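In what comes next, chain A is part of two complexes: it sits with chain B in the first one and with chain C in the second one.
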Partner chain A sequence: MPVTIPQTKYAGKVREVTIGATRAEGGTRSRTVTVGGETTLPFLLHEGEMPHPPAVAVEICDRRPADWSPLLYEAWGEAVNDPATWARAAEAAGADLVLLHLTGPVQRADGSTPTAQEARQAVRRVLEATGLPLLVFGPGIADLDNELLVAVAEEAAGERLVLGVCEDKNYRTLVAAALAHGHLVDGRTPMDVNLAKQLMILIRDMGLPLERVLMDPSTGALGYGIEYGYSVMERLRLAALNGDAMTQQPMLVTPGEEAWRLKEAKVGDGGVPAAWGDWAERAITWEVLTATTLLHAGADVVCLRHPASVAEVKAVIARLMAGGKDGK
Partner chain B sequence: MPHVLFLPAQRSAEVSVGASLLEAAQACGVEIHIPCGGQGRCGRCAVVVQGGDGRLRRRSTIRLSPADIAAGYALACQSLVLGDLAVVVPPQEEIARHLVTAKHAVAVEPPAGYTVADQPLQAFFLALDPPSLADQTDDWSRLQRGLAGAYGVSGLTADMDLLRRLGEVLRSADWQVTAVVELDAWDRPAGPPRLVDLLPGRRTDALHAIAVDIGTTTVSLFLVDLMTGRVVARAADYNDQIRRGEDIISRIVYASRKAGNSQPAANSVNSANLVELQALVVGTINRLVEQACRRAGVEPKQVYKATVVGNPTMIHLFLGVPPEQIRLAPYIPALNQVPSLPGAAQALGLAIHPQATVDCLPGVASYVGADITAGVLSSGMHRSEALRLFIDIGTNGETVLGNADWLICCACSAGPAFEGAGVEHGTRAAAGAIEEVWINGDTGEPTYRTVGNLPPKGLCGSGLISLLAELFLAGLVDKRGRLNQGWPGLRDRPSLGPRVRRGDHGLEYVVAWAEETAIGRDIVLTEVDIDNLLRTKAAIFAGFTSLAEAVGVPLEAVEEVLIGGAFGQHINVEKAVEIGLLPDLGTGEGWSRFRFLGNTALNGAYLALVSRAMRQEVRNIANKMTYLELSADNRFYEQFMSAMFLPHTDARLFPSVASRNT
Partner chain C sequence: MPLSGLDIYKLLPGGQKPPHPKANCKECGFPTCLAFAMKLAAKQAELSACKYVSPEAAARLSDAAAPPIRLITLSANGHKLEVGNETVLHRHEKTFYHPPGLFVRVNDGDGLERVRAVAEQVSRYVVDYVGMPLSLDGLAVAYTSGDPEQYAEAVAAVCKAGKKMLILMAQDVAALRAALAAAAGRTPLIYAATADNWQALAEVAKAARVPLAVRAPDGNLEALANLTAQIAAAGVEDLVLDPGARGFGDSLLALTAIRRLALKQNLRSLGYPVITFPGEGASNSCQEAALAGQHIAKYAGYIVLDHFTPATAYALLVLRTNIYTDPQKPIQVEPGLYPIHNPGPDAPLMVTTNFSITYFSVRNELESSGRPGWLLVADAEGMSVLTAWAAGKFDAERIAKAVKESSAASKVAHRRLIIPGHVAVLMGELEEELPGWTIHVGPREAVDLPGFLKAAW
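For the complex of A and B:
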C-alpha cells in the first residue's frame, strides 16, 4: 500500500540576514555569512527550503575573563590573554563567526572599567587577526554598553558587525549606532513571544531594515529552563512561517554562555558527586546538547565557548543538513 | 484673489487660491484655536462656511459627522479656499459639542412613570385623635389604628428605640405626626411593614435614600429624593481603604491578618484588621453622605435606605464579613446574594437614619459583583437583541458580553490608573482635573482643558488617556511607552525641548508648569506612570478579547460597545482606541458604535433603589450571567503581553491607528 508522507507548506519565510562585509561591500572581511531564508521548520528539508546552514559563533573576550570555567582556560591556553590570538584560534577551531565579548568590571580580574579606547583597539585587532565576520557584545551594563558599542560601531564602520545586546532599554542608542555606521543588531528579549515581536517593531520603527536584525529570544541551558526557551523559539518560528512579518528574523542564541555558567560545567572533580562522571566530558556534552536542542528549535546562530563543542556541533549541523546522512 | 469674510468679527482677507482658511484667518487677525498645531487631528478649529459649494476644498473632515458637514462645518486648518467665502467662527464650547469622538455620559433620570406611591418606603401623615378618658387606647395601638384606618397598613413592627420615644413624640407634636414606614422588601414582599421613624408634624418631604457604589479605588454616591425619584446631590471620593492596599487581593490579605502580625487571625470575624477596613469604608461613605446632604439641605437622619453595590470583596468588607475565601480555591464568597438588612445602618455605623435598611445588590462570582450586575441593568444590554460588549474601566476591569439571550462576564486585575490613582499627578475627575490634552506635533507643546476650566490640579482618567495618545501620536513616546529623548543626527528632532526631562522617576513629560497650576508644582507624566497606564489598558483589553475568544465571537460582530467608568462627564473614544484600550472598530461610523454610560454601577444601584421592577431585574441578571475565570486561562496572559504595547503588538488589530501613524 502506498504511503503518502504528509507535508506542510507555509506561506511565510524567514528573512535572510548577511553578517560581515567584504572589501567590495565596504568592509574588510574575507567572506560573509548569511543565515535565515527557511521556508519550513528546522531541517525538514523534504517540506521546504533551508538555504543556509545554522552558523556557529565562537565567543572570545577582549582580555582574560575572570569568571570562566578552568576547562575553558585549559582548552584555549595562552590565547585567552590576547583577543587577536584568541580570534585566530577560534577560526582554527572551525568558527563561522567570531563573537567578541567586551569585559566589564565584573569579568575583569582587576575590576577596572573598560574605556571606549580599549574597546576600539580590541575590535581593530580582532578585525586584523581574522577575516571572519564579527559580532561584538558589550559587558551588559546599559550605560557602559552604550558608550563602548557606539565607539566600536564608529571604529568598524562598514563592517556589518552584529552589535549586542540590544534590549528595550538601550535599543535606541544601539540601533542609531548601527544605522549610522552600517552595522546589524542582536535584539534580545527575555523568553517571550510578544516581547520579542515588540522589540523587532521598535527597531524597525527607527528605520533599521529588518535585513540587519537578528532576533535573540534568550535561552536557558539544558536542565535550566531550556524547555521554556525552546517553546518560545518554536512559537516564534511557527508565527514566522505562517506569515507574521515581525517574527521572521533569524534567531541567535548563546548556549555556550548559558551552559558554562552552571555548577555542572564550572565545578571540577571533588566538588560534585563522583557519579557525575568526567568533568570535561560532562561540561562539553552539556554545551553541545544545549546547542543542538536549540538548533532543533530554529536557532540560526549558536554562540559556543569550547573548541571541542564547536567541532561536535558543526558535525551535527552538517549531518542534519545532509538529511541525516553523514555530511562529510 | 478670493475674498474671505470672517464672522462675527467682520474682518476679511484676500488670499490666493489654495490657501487654507486658517491662513486666511491669520492674515486678518482672526484667532482660531489650533491645539494640535494645524495637523487636522484635534478638530478644534471647526468653523461654519456659508456658500462653500465649489469654493472650498476639504482635505480632511476627520472630526466631523456627515450632519456637521452638511451644515457647513469645516476644519480651518484642513480646508482650502477656492473662491469667495463667508466663515462663521463659533465659540469654543459650541465646537466641543460637535466632536464626534467625545462621548458624553448619559443623563441619570428616574424611570418613566415614577411615583412615590410605588415605593416600599412611605411617609404617612397622621392626625391622631388625642387620648381621653373615653378613649384609653395605648399610644402604640393608637398609632397602628391610625395607620390602618387612613392607609390600610396593618401588622406594623417597630424596634425598641422607637417604642421608647413613641409617647414623647406623639405628645410633643400634638398627635400630628409623620410615620416613615417600610412596607416590604424585595425578599419580604408580603411585609410585615416596619415603622422606621416617627417625625413630628407633616414631614412627607423627608423621605430620602442613597445609592452607593463602593469601588476598590473610588466610592461614589447619589442622594435621592424619594418624593420625586430625582438625584438631588452626588459625591465621590477615594476609598479610605486604599492605604491598606491598592487592590482587592492585598485588602483580603490584610483583613485576614492579626493586627501587627503576619499570622492569620484566630477569629476572623473579630480580626482587628477586618474591623478597621470596615470602619474605613463606612467612614468614606459617611463623609460623602455628609457632603451630599449639606449640598441638598437634607438632614442625614432623613436618609431611610441605602442601596449598595460593589465587587464581592468590597461588599464583604463593608458588611464586616471575612473575605478570605474569595482568594482561596475554589473561590467561594460568603455572600453573593445578600438578604435585605432592615435597620442595619446602625450596626454598620452608617451616619444615616439608624433604622435605615441596607440593601446590597446581588453579584455573580467571587470577582464579579453587584457593581457589574447593576452596570448591566443600567446599560439595558440584557434586554436587547443586539450583541453588546460592556466594559467597566475600573480597578477590576470587568467585562460583559451578550444580549437578551445570554450574558458572559469576566474580571481581571487592571489597577487604579484610570481612576487617577497610582499615577504621580493623577486625580479623580473633579473640578480642576485635566480631562483632555492636545500636543502640537511640531513643537511638542501641550494645550489642555480642565473640568470647570479651573487651574489644573492633576490628570484624571480621560486626561491620562488623552495625554498618552497625544504623546504617542506626536512621536514623544515609542510603542513600548518610553519617552523619546531624541537621538542626535538621526531624526529631524535632535532635542525635545524643556518638556521632556529627567525627574525623580526617570524621564517625564511636563504637562503644566507650576505657575499655571492650582498645586504650585509642575504637573508631569513619568515613565513609571506610563508603565502603569500600559498595564491597566493591557489588562482591560486582554479581558474583553479573551472573553470574546472564549465564546468564539469576533469583536467586529459586536454592534455596540458600552463603556462605564469614573471618567467624569466624558471620554474620547478615538484616543482610547489610539492607545489600544478600546477595540478599533474603524473611524467615522466605527466611533458611533461606542456609548459612554458614566458610572454604570452607581446608575444601576440608583435604578434598583427607585424601582421594584429594576430590583427584580438585577436579580435575574445575576442568575443569568455566566462567569469566565481568567486565571484558569492561558489566553489571558498571552493577550496581556501582546497588549503591553502602543497600540498593540499585532498592528493588524488597529488598522485605523496604523494608518495615521505612518
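For the complex of A and C:
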C-alpha cells in the first residue's frame, strides 16, 4: 500500500529580521545575521522553507559578573575581566552574535551602579573587538535599563543592535531609542501568547517596523518551567504560520541565563545529591538540552553562556538543517 | 477517527433502512437507538448492551473505537510500562499521556561483569525532582556474542540486577528463546523483525505473547507499513516501529510523519509507538542527550541510550516529566516552609504561592543570591500570585493560615513577613490576621528579590 508523507502547507510566514549593519549599511559589522523567514514548523524542511538557520548568541558582560557559576569563570578564564577580550573569545567559540549584558548593582561585586558613560565605553570596546552583530541587554532594572540603553543606542547609532529587554514597563523608551538610532528591540513578555501579541502591537504602533523586532516569550529552564515556554512558543509559531500577523516575529530565548542560575549549574559535587552526577557534565547538558528543546519549538536566536554548549548546540543546528539527509 | 453519534446510529438496528425488526427495542436500557448511539459516542455505554447489532457493524464500531496509536505494555515484576495511545501532535492541544520508556543498551558480548555492572547502576538509579522519584525504565540487551547461552546468561544477570523492563535485541531465534526463558515472568519487547526475518520472529513473539519491534531501512515508511501489515495479519498485533532514521533531521521528519499519519489519516499500519536509538546518530554523549531530548518532545515511545551517566539521566528524566505534564494540571508544590541555604532564626521569611513556576522563580532567585532564607509556600490551589489573589486563593486569611500551620513561628526569632509586591494591598488586613507580626511588601517580580533583600533586610 502506498504511503504518502503528509505535508502541511501554511499560508503564513515568519518575518525576516536582520541584526547588525555593515559599513555599506551604516554600521561597522563585518557581517550581518538574518533570522526568521520560516514557512513551516521547525526543521520540517520537506514541507516548507527555513531559509536561515537559528543563530547562537554568546552572552558576555561589561565587567566580571559576581554571580556566575564557577564553571563559567573556569571556561572563559581571564576574558571575563574585559568585555573586548571576552567578545573575541566568544567569537572564537563559534558565536554568530554577541550578547553584551550590562551588569547592575546586583551583579556587581562592589554593588556599584553603572553609568551611561561606562555603558557607552563597554559597547564601543566590544564593537571594536568583534565584527559580529551585537545584542545589548541592560541590568534588568527598568529605570537603569532606560538610562543605559538610550546612551548605548546613541553611541552605536546605525549598528542595528538588538536592545533589550523591552517589556511593557519600558517599551516606550527603548523603542524610541531604537527608532532614533537605527536599532532593533527584543520584546519580552512572561510566557503568554496574548501578552506577546499585545507587546508586538504596542511596539508597531510606535512606528518601529516589525522587521526590527524579535519576540522573546521568556524562557523557563529545563525542570523550571520549560514546558510553559515550549508550549507558548509552539502556539505562537503555529499562529504565525496560520497567518496571525502579530505573532510572525523570529523568537529569541535565553537558555544560557536560565540554566546557569540554577542550583544544578551553580553548586558543585558534594553540595548536591549524588544522583545529579558530574557537575560540569550536568550543567552543560542542562544548558544544551534547554536550548535544543526550545529550538524544536521555534527558537530563532538562542543565547548561551558556556563555550562547550555553543559547540554542541551549533552541531545540533547544523544537523537539523540537513533535514532528511541528516543521518544518511 | 472517532465516529459521531449519528454515524454510530446508522450502524444500529434503529438506523437501518428498512428498519430492523428490533429497532428501538429499549433492551439496552435507553429509550431509542439514537439515544444509545449518543451515549456510545460519548463513551458512556458499551456496545455489548445491544444484542441485535450485525457482526459487520460491530466490527466497524470496535475498529473506530480503537485508539489511533496502539497501547503497548511491557511488564516486569508486577510493574508495567505503557506507551502509545497518544491523541495529539502538540501537547497544548490536550496533553501527552504515556511518557516514553528510557532504556540503556548493554551488549552480551562485552562480558557478564560489564553487563551486570551497568544493569545494577541503571536499576539502582533514582533522582528526586520536586518530590517525585524519577528513574529509568529498563535495559536493552543486545545479542553480540553469537552464543545463545551467553545471551541468556546476560539477560538473567540483568533480571537479577533489578526490576526493570527488558528489550531483547536479537534476531536469532535460538538466542531469543533462551533469553525469553531466562526472563520468565516479564514481558519484554523483541527487537527487531525485518523484511528478511519477520516470519520467524513473529512466531517467537506470538508464542511468548510479547510485543515485537519492526524495522525498515532509512526512514522508508512505506516498507515499514507493508511489513507491519503482514506481521499483524500473521497474528502479532502488539508492534513497535523503528523507521530506521538515526540523525537529528531525518528522525524528526520520520517521527513527525508517523504521528501525523496515525492521528490524521488513521493509518493503522503505522499506528504503533516508535523506538529510537539516539546514540547511533550522535558523535558524543551530549549529542546523544540532545537527540534523546528531541525524541522525548517529538513522539518516541521507547528511547534506547548507549551511554548512561547520572548527569544526562537526570536531565532527560526531568525533560520527560516536563513535556508530559498535563498543561491543564500544572505541577503544584507541596505547601509548607522551605529552608534555603540553611537559614537561621534571623533569616528573612517570605511567602509565595504553590504554583510550581512561581515557587521555582522565587527559589531560584534566593538560591542564586546565596542568601539564606525561609520560603513559606501557601496553598493557593496551584495558581500564580496575581491569579490566586484575583480568585481569592491568596488572601490575608490564607496567608495567615499558612503562617500558623507551618513551623515558621518557631523557626524564626523575628516576626517579620515579606509578601509579594503584587499583593501589597493585603498588608493591613494581614497585620490584623497576624497580631504581633510586621508585614513587609517585597518586590513584584522574583528577579528583584536579591536586590530587595540586600537593601531591606
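In this text, the second predicted complex is superposed on the first by the 323 of 328 C-alpha atoms of A that agree within 3 Å, B and C clash if a C-alpha of one lies under 4 Å from a C-alpha of the other, contacts with A are read in each partner's own complex, and residues count from 1 in each chain.
As a working rule, a contact is a pair of C-beta atoms (placed from the backbone, for glycine too) under 8 Å apart; a residue touches a chain by one contact, two chains touch by 3 or more.
The shown structure was predicted, so the numbers you read here are calculated from the model rather than taken from an experiment.
Undergrad: Aligned on chain A, chain B and chain C: do they clash or fit?
TA: fit
Undergrad: Looking at the overlay, what does A:270 touch: chain B (first), chain C (second), both, or neither?
TA: So A:270 meets neither chain B nor chain C here.
Undergrad: Does chain B (first) or chain C (second) touch A:192, or do both, or does neither?
TA: So A:192 only meets chain B here.
Undergrad: With both complexes overlaid on chain A, does A:286 touch chain B (first), chain C (second), both or neither?
TA: second
Undergrad: More chain A residues touched by chain B or by chain C?
TA: Looking at chain A, the partner in contact with more of its residues is C.
Undergrad: Which value in Å is the smallest Cα separation between chain B and chain C when the structures are fitted on chain A?
TA: So the smallest C-alpha to C-alpha spacing between these two chains is 6 Å.
Undergrad: Mind pulling up the chain B residues that touch chain A in the complex?
TA: For chain B paired with chain A, touching residues are 478-480, 482, 484-485, 487, 489-490, 638, 641-642, 644-645, 649, 651.
Undergrad: What does chain C use to touch chain A in their complex?
TA: Residues of chain C touching chain A: 90-92, 125-129, 218-219, 221-222, 225-226, 229, 245-253, 256-257, 260-261, 264-265, 267, 269-270, 281, 283, 286-287, 289-291, 293-294, 297-298, 309-316, 318-319, 322-323, 325, 327, 356-357, 360-361, 364, 367-370, 447-448, 450-451, 454.
Undergrad: Residues of chain A touching chain B in their complex?
TA: 168, 172-173, 176, 179-180, 192-195, 197-198, 201-202, 205-207, 246
Undergrad: Once bound in the complex, which stretches of chain A touch chain C?
TA: 1-3, 5-6, 8, 43-46, 67, 105-106, 111, 140-141, 220, 222-228, 230-231, 234-235, 238, 261-263, 266, 273-278, 281-282, 284-286, 288-289, 292-293, 296-297, 308, 312, 315-316, 319-328
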